[in-house]
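Each chain carries a letter (A, B, C and D) given by its place in the written order, and its residues are counted from 1.
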Amino acid sequence: MTMLKSVYPLYLNNVAQQPNTDLAVTDKFTGEVAFRVAQADMATIDAAIKGAVEAAQPMAQMASYERQAVLTHCVTRFTERFDELAYALCVEAGKPIKDSEGEVGRLIDTFRIAAEESVRMTGEVQPLDISARSRGYQGIWKRVPIGPCSFISPFNFPLNLAAHKIAPALAVGCPFVMKPASRTPLGAIIIGEVLAETDLPKGAFSILPASRDGADLFTTDERLKLLSFTGSPDVGWDLKARCGKKKVVLELGGNAAVIVDADADLDDALERVIFGAFYQSGQSCIGVQRIIIHADVYDRFRDMLVARTKSLVAGDPKLRDTFIGPMIHAKEAMRLETWVNEAVAAGATLLCGGSRDGAMLDATLLEDVPADTRIVTEEAFGPIALLSSFTDFNAALAEVNASKFGLQAGIFTRDLFKVLDAWDHLDVGGVVINDVPSYRVDNMPYGGVKDSGLGREGVRFAMEDMTEIRNLVIRRA
Amino acid sequence: MTMLKSVYPLYLNNVAQQPNTDLAVTDKFTGEVAFRVAQADMATIDAAIKGAVEAAQPMAQMASYERQAVLTHCVTRFTERFDELAYALCVEAGKPIKDSEGEVGRLIDTFRIAAEESVRMTGEVQPLDISARSRGYQGIWKRVPIGPCSFISPFNFPLNLAAHKIAPALAVGCPFVMKPASRTPLGAIIIGEVLAETDLPKGAFSILPASRDGADLFTTDERLKLLSFTGSPDVGWDLKARCGKKKVVLELGGNAAVIVDADADLDDALERVIFGAFYQSGQSCIGVQRIIIHADVYDRFRDMLVARTKSLVAGDPKLRDTFIGPMIHAKEAMRLETWVNEAVAAGATLLCGGSRDGAMLDATLLEDVPADTRIVTEEAFGPIALLSSFTDFNAALAEVNASKFGLQAGIFTRDLFKVLDAWDHLDVGGVVINDVPSYRVDNMPYGGVKDSGLGREGVRFAMEDMTEIRNLVIRRA
Amino acid sequence: MTMLKSVYPLYLNNVAQQPNTDLAVTDKFTGEVAFRVAQADMATIDAAIKGAVEAAQPMAQMASYERQAVLTHCVTRFTERFDELAYALCVEAGKPIKDSEGEVGRLIDTFRIAAEESVRMTGEVQPLDISARSRGYQGIWKRVPIGPCSFISPFNFPLNLAAHKIAPALAVGCPFVMKPASRTPLGAIIIGEVLAETDLPKGAFSILPASRDGADLFTTDERLKLLSFTGSPDVGWDLKARCGKKKVVLELGGNAAVIVDADADLDDALERVIFGAFYQSGQSCIGVQRIIIHADVYDRFRDMLVARTKSLVAGDPKLRDTFIGPMIHAKEAMRLETWVNEAVAAGATLLCGGSRDGAMLDATLLEDVPADTRIVTEEAFGPIALLSSFTDFNAALAEVNASKFGLQAGIFTRDLFKVLDAWDHLDVGGVVINDVPSYRVDNMPYGGVKDSGLGREGVRFAMEDMTEIRNLVIRRA
Amino acid sequence: MTMLKSVYPLYLNNVAQQPNTDLAVTDKFTGEVAFRVAQADMATIDAAIKGAVEAAQPMAQMASYERQAVLTHCVTRFTERFDELAYALCVEAGKPIKDSEGEVGRLIDTFRIAAEESVRMTGEVQPLDISARSRGYQGIWKRVPIGPCSFISPFNFPLNLAAHKIAPALAVGCPFVMKPASRTPLGAIIIGEVLAETDLPKGAFSILPASRDGADLFTTDERLKLLSFTGSPDVGWDLKARCGKKKVVLELGGNAAVIVDADADLDDALERVIFGAFYQSGQSCIGVQRIIIHADVYDRFRDMLVARTKSLVAGDPKLRDTFIGPMIHAKEAMRLETWVNEAVAAGATLLCGGSRDGAMLDATLLEDVPADTRIVTEEAFGPIALLSSFTDFNAALAEVNASKFGLQAGIFTRDLFKVLDAWDHLDVGGVVINDVPSYRVDNMPYGGVKDSGLGREGVRFAMEDMTEIRNLVIRRA
């Protein structure tokens, strides 16, 4: 039994099209082709951009309630198709079914938040008569949609990280062209299927799987006013350099750290840290990569972590008790295997895990890892976490900051002043207290500093990026 | 009598230095060297960036009232040195003395606004328990300074457009390195002189005149977290492509238009349009370049404009009744002369002006100018305006939008629905009713769309750009 | 056929109770008893207040999503019961069925807005280190529910004006006791029926029809923290004097005016003014009572108004083409009949209408009405409007202000400066341009000044009133 | 040497007047008459109200920068007259000179905050097209001054608590009439003296010392639109019942508590608690009255408190090392002496203090005080604090809440979750962490719940109360 079809279209200017079935998408656990998807060539992308340009004005003129109706329709349909969406994620991303269901829940949250925000795009009445020269002037500004947007979404949250671009765009009235990840295009395709049921202006959306080679227009075309990319740091920063006059939002990766202070409730922290390190095989920008433990509880917490990690069930993500599924591709698992071996060769101790079978990589813990190994300095993006210890809290903060990345950090402590110190000094987009950095609610501002990105998502914040302030100044003679 | 010195230093890490006097700055009216200024080489710029990096943390930790005290000191000192500052502008920019005084007034406004805003950098308490999965979570976000900033400021408002970068940076607690325009460095230098009187952390500011060749670090150095550039579109967009991971704010140019509708009070509009077109010889990003007049009043308003333009006094900017001073350089005047000739050759009618004497260019009006001539499509940035007529208001709006630029637009009308239509449909950063696009108050959001730039200045808006949102999430088990 | 039952309960601490059937509610058109409702005595009201006090803490601790779920349930159920709710309004209020349907639509809007706002109750991070003495201090404030609320709602919008109290209370987490209007209790009762389907904490709500005599606890009981009353001015101001330490919100009446300027589109204005004056027989706080017409169009617009008024269909509100139904009671119709006669006796001219049959009063227009007659100075609250003319716009504004009331005003003009003058100078809560004062959207701030009331409703604004700011100050030594 | 005059005027409609010298103000330490002040009769108050009504429109029309200029003038002049103002406080309030200087500093802060806020009175552009019926409508609201205000200020902060009413009123453009405390009228009189140097519209302010008997118009006159009272609870709630249609803000008293948890830094806490309990002889609404100490540190902290209390210097407030000056009147000291005796008779233990000499009352500590004695349940408003112990933090929170008052509370703890619990559950206007409840910064929201008052001051918050929202709705046909 499968809820999936064997062939899926692309969406060009709101309409499903099946020019080809060029993109074969595998079941990430079995490795077999699960379905085929149409792929867009440059002419199609160009047509989509043209359509988006033409849709800009009609979309800007949609009433608030009309934009809300589109988003509410999505909430309704995603709820109805909940199981199918979760299954699709499970197959195309190899994401354990429980995590897949969790993501569908968040997809719905994200669209619901956007539906609610779509009628709340406020502006400001601002006094301008602040000096004698401006007597008689008054100002009012509002936000207007920035225009056609370009979206590139990643493989690890095929639904919700597409949603974090699509839903705000619809909420403000921006048409968009989206390139979903080639390995997991189906999430976005189904969103497209649901959007096609609405009466959005022609050109409002195109969802176009494409090979990276042919996809340059997503980056370079000057008709597009904003590029929002979620994915790997190297790709992201390269796009920024090549994207012309567009505004750019980049949600990139990290090597997120969690601090476990001496006063932490270790039993409670254990479950959260295991979750943060290993859920969906660590393939999250905010997955726990570094666990920084107070020396007083280091040995005990290490032993707890190792025991719990060894107990994690790995295997078929479609099974409800599976915790560790496959990585997105064997190449990625191989990369990490190499990094682990490299670290061990440099003196690190392997506490558990470390083995690989195809795309399946064991949940792995290391300690005593030299600070300059790739497994420390680069983004692991897999089921691997590194333990270290500290005695001085400020040194722990410094260790968190000793990274080129800065997305989120977690701290298990109850000490108010440590919390405030962390909030003041951690060079990250978000500090999570009593939990792992891996936590995100879809309405909160989310994004990184340093190499982790540029700008914030989280519906309302993305909406601000997708709009321009347009001021109105009135002179009364 | 002069209030100016013959030699000025640069400011490196808060301290005046006089390594050389390499930069000769002319009196723009006489063409003679008025004073000489130290110029920074690459090593100096590098040292400044290093200093800024070291100042980042101490500045982030300054109390709000300490940042306010620095800005208030500036307000006090600029007020005391009002005449000197105006005179400096008059000499180095060739700006008529009355306009120079106006700019000093705005400099003071800008710092006063920033002083007031410096104690108002608020954050938000945000409910996160918006679905069952986030029960027990709460969120609070605040703004933290983005870090060392790179500022490049233009020649036309040597004080106030430097102030629009410096004052917000101080308000939020960002150190900065600034490269002022080489033709008019003195405004920024004097700001530096005043800042050096404060106890800002070492490295908080460097003001470094530099030749464009040696100044690449302002753009490319990855230690700098934000590049804010005000200047010409070509330069600006090129910087964006080369600036690496920095956030970018660009305040570029335009060919701003004003619509004079049939119901306008022509006498009132006349003075404002003349001001918009010709103040400081049209060398303003929002100077009136295109005057779009309702056919019913076209002939009458044209005649009024021509008569009034002919009456403008051109000459020595130090004289109090001079309205038209020199352009920044004879090359610029020559460029415009060429454009005018080109337009006339293409069929345009010269209504008045058009003659040049060195850097002095007549206030010039043209009509019947073909839409594809450079004087229409490019930024004139000089004392030239073009008349055209319309009968349908929507067509007039379309004519305003028929530009690659989009900074501000002005409309003389009292019709509420036309006002709202313009606010909805004009693709610009600001619509000014009953006045020229050239109007700006220093607290309002200001900036362009399309080729006119990226982002908004206006103290509070610049402050937002100069900060990162840092979220705090708390999980209560 | 009827969708109504013959007997309805009250709701005490979330539970339907039928202690009696003391309150007979008539069909306002036929005058016959339509159904009977339980009435609360003082002991019941006391028990309800006790329950509300006990519910305060549990409600304050509900997660945002739980409050939202309650409100969303209401939206769903009201949508399902749309026809029944409209029919109930039609019967108990004599409201024409189309207007009744309109009100049900607004009921749903109001709850939907509240559902959306319930997850958006934000607070503020505020810098406190604004002078040396507060170095090291920081502040954060949030809103907490004010506690048990007392609501008294009027007869003219039995659903939506109850909703404007109930929905915000649920959105912020305040328990409440409500006394609906005795003549039209059913709207609130059905809201109670739907709320009883949720798992709100016991005591969260009580809906208690009561005779005015026994209802003093709604006003005087000090356990209640806020009194929100919508109704007649005399009653409202008296309650304020007797309500002890409670916060008070009063939404009272007015004698709203509309200005029709010389540039108005009269055909368009006609339909809106007729609507504003006569919908639901003028029984609205913002019904048009005074029509102030520019002298240049006075005669023409008067004739249009008279003709259109005469064409209005009066009769059975259950019939779909009925525009004028009965007033709430023959006594009210008699009162107005008296006022009309009094005005005519004083010199006014009756243009049309003026006759009464029981509770049915003709749609009535008068002109030349002396300014000191009751029909001018008091709230008519019936299908009557008065015409006057003006030549100077400022005089028209002054005429609007020449009232003890100040709720809303309407102006038909396209002149921007007149619009801004009106916004500056009209002493009302809202100025409506190109429409009648009778317009309201349920998310906008709504309420009056002068004798028209105190405070603002409109979901978000009511939510602010139903909360207290609770500050958190942290000193870091 | 004295900086004070022997006679002071009242200010009627901006102008100093000396109709009499009826009010003798004593030096609170010596008990001798220090100066005499004119007192207003009912006719004068009536004239002031009339002037305020006439000033309402001109003040509403002042440009933002004009309102700011008035406030900035005050900041300048208060700074120049710093010593004189502090001396005046010291004499008329018996406030130790150091505390007097602190209050002058805060006076200046309050006016500076107001100056800054005066140009920031923003409004909101709000989408109204949230359902099909409101298509084509848009909304914008702004704030307008509420009109003439009535202010009654207390004796304990003669400058700053007058400033918290006057400065916001000027910031928004409301005229006002103020009745300062009869025992300490001079602070407000000198503010009036400074305001009289500005060109505020005639009638903008009147400062009118008056006997309570003749002062009823401050409460009852319906021309006044807001009554803002700071003083004792009994008087405040009585005024609310008698104030007619006015909006009411009440800043009343309390019996504030501080919790000292087991993890507190006792040395640090000691100085703050002593300050909170005894500064200006405890005559502050947020003075520490109840000290709730964790049992584990109770004995130690009690001993520290007793020792430190005994070391406090009492005596002439004009001497720089005096900590405890006189109470405002011997009657008040006698009242407290009675309460102490009553408590001791009921079983309380007197730890130190308890003696009285005229208006001088010893700094007094008690323990084991029965919960129902007046010294616990009522507001002490003097140099007395009561010690109790707790073991369970939630019980300590409950003890704080076991009061009819709810102004502020302090907690010495570093535990984040206790902090959040306190913020959630303490029924007060403000929770102060790591400090006493007695802390206030003049820009923060400040005010109480329960019997402690209604509404919030703190400049921006008072400004909101002193304005009405005026909505503008535009229908585009």
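In this section, contacts are C-beta pairs under 8 Å (C-beta built on N, C-alpha and C of every residue); 3 or more make two chains touch, one makes a residue touch a chain.
Being a predicted model, the structure only gives us computed values, none of them experimental.
From the centre of chain B, which chain's CA centre is farthest?
C
If you tally the C-beta contacts, which comes out ahead, B-C or C-D?
Between B-C and C-D, the larger count of C-beta pairs in contact belongs to C-D.
In angstrom, rounded to a whole number, how far apart do the mean CA points of chain A and chain C lie?
45
What's the distance between the Cα centroids of chain B and chain C, rounded to whole Å?
50
Between chain C and chain D, tell me the centre distance in angstrom, where each centre is the average of that chain's C-alpha atoms.
The mean C-alpha positions of chain C and chain D differ by 37 Å.
Which chain A residues reach two or more other chains?
119-120, 126, 130-131, 134, 141-142, 416-417, 419, 433-434, 443, 474, 476
Show me the residue ranges of chain A that touch chain D in the complex, using the header's touch definition.
Residue positions touching the partner: 63-65, 68, 119-127, 129-132, 134-135, 140-142, 413-417, 419, 433-434.
Touching residues of chain C toward chain D in the complex: what are they?
Chain C reaches chain D through residues 60-61, 102, 105-106, 109, 113, 126, 128, 130-131, 133-134, 137, 139, 141-142, 144, 237, 240-242, 244-245, 247, 265, 268, 419, 423-424, 426, 428-435, 439, 441, 443-447, 449, 451, 454, 456, 461, 468-477.
Looking at the complex, which residues from chain C come into contact with chain A?
So the residues of chain C in touch with chain A come to 116, 119-120, 138, 416-417, 420, 443, 474, 476.
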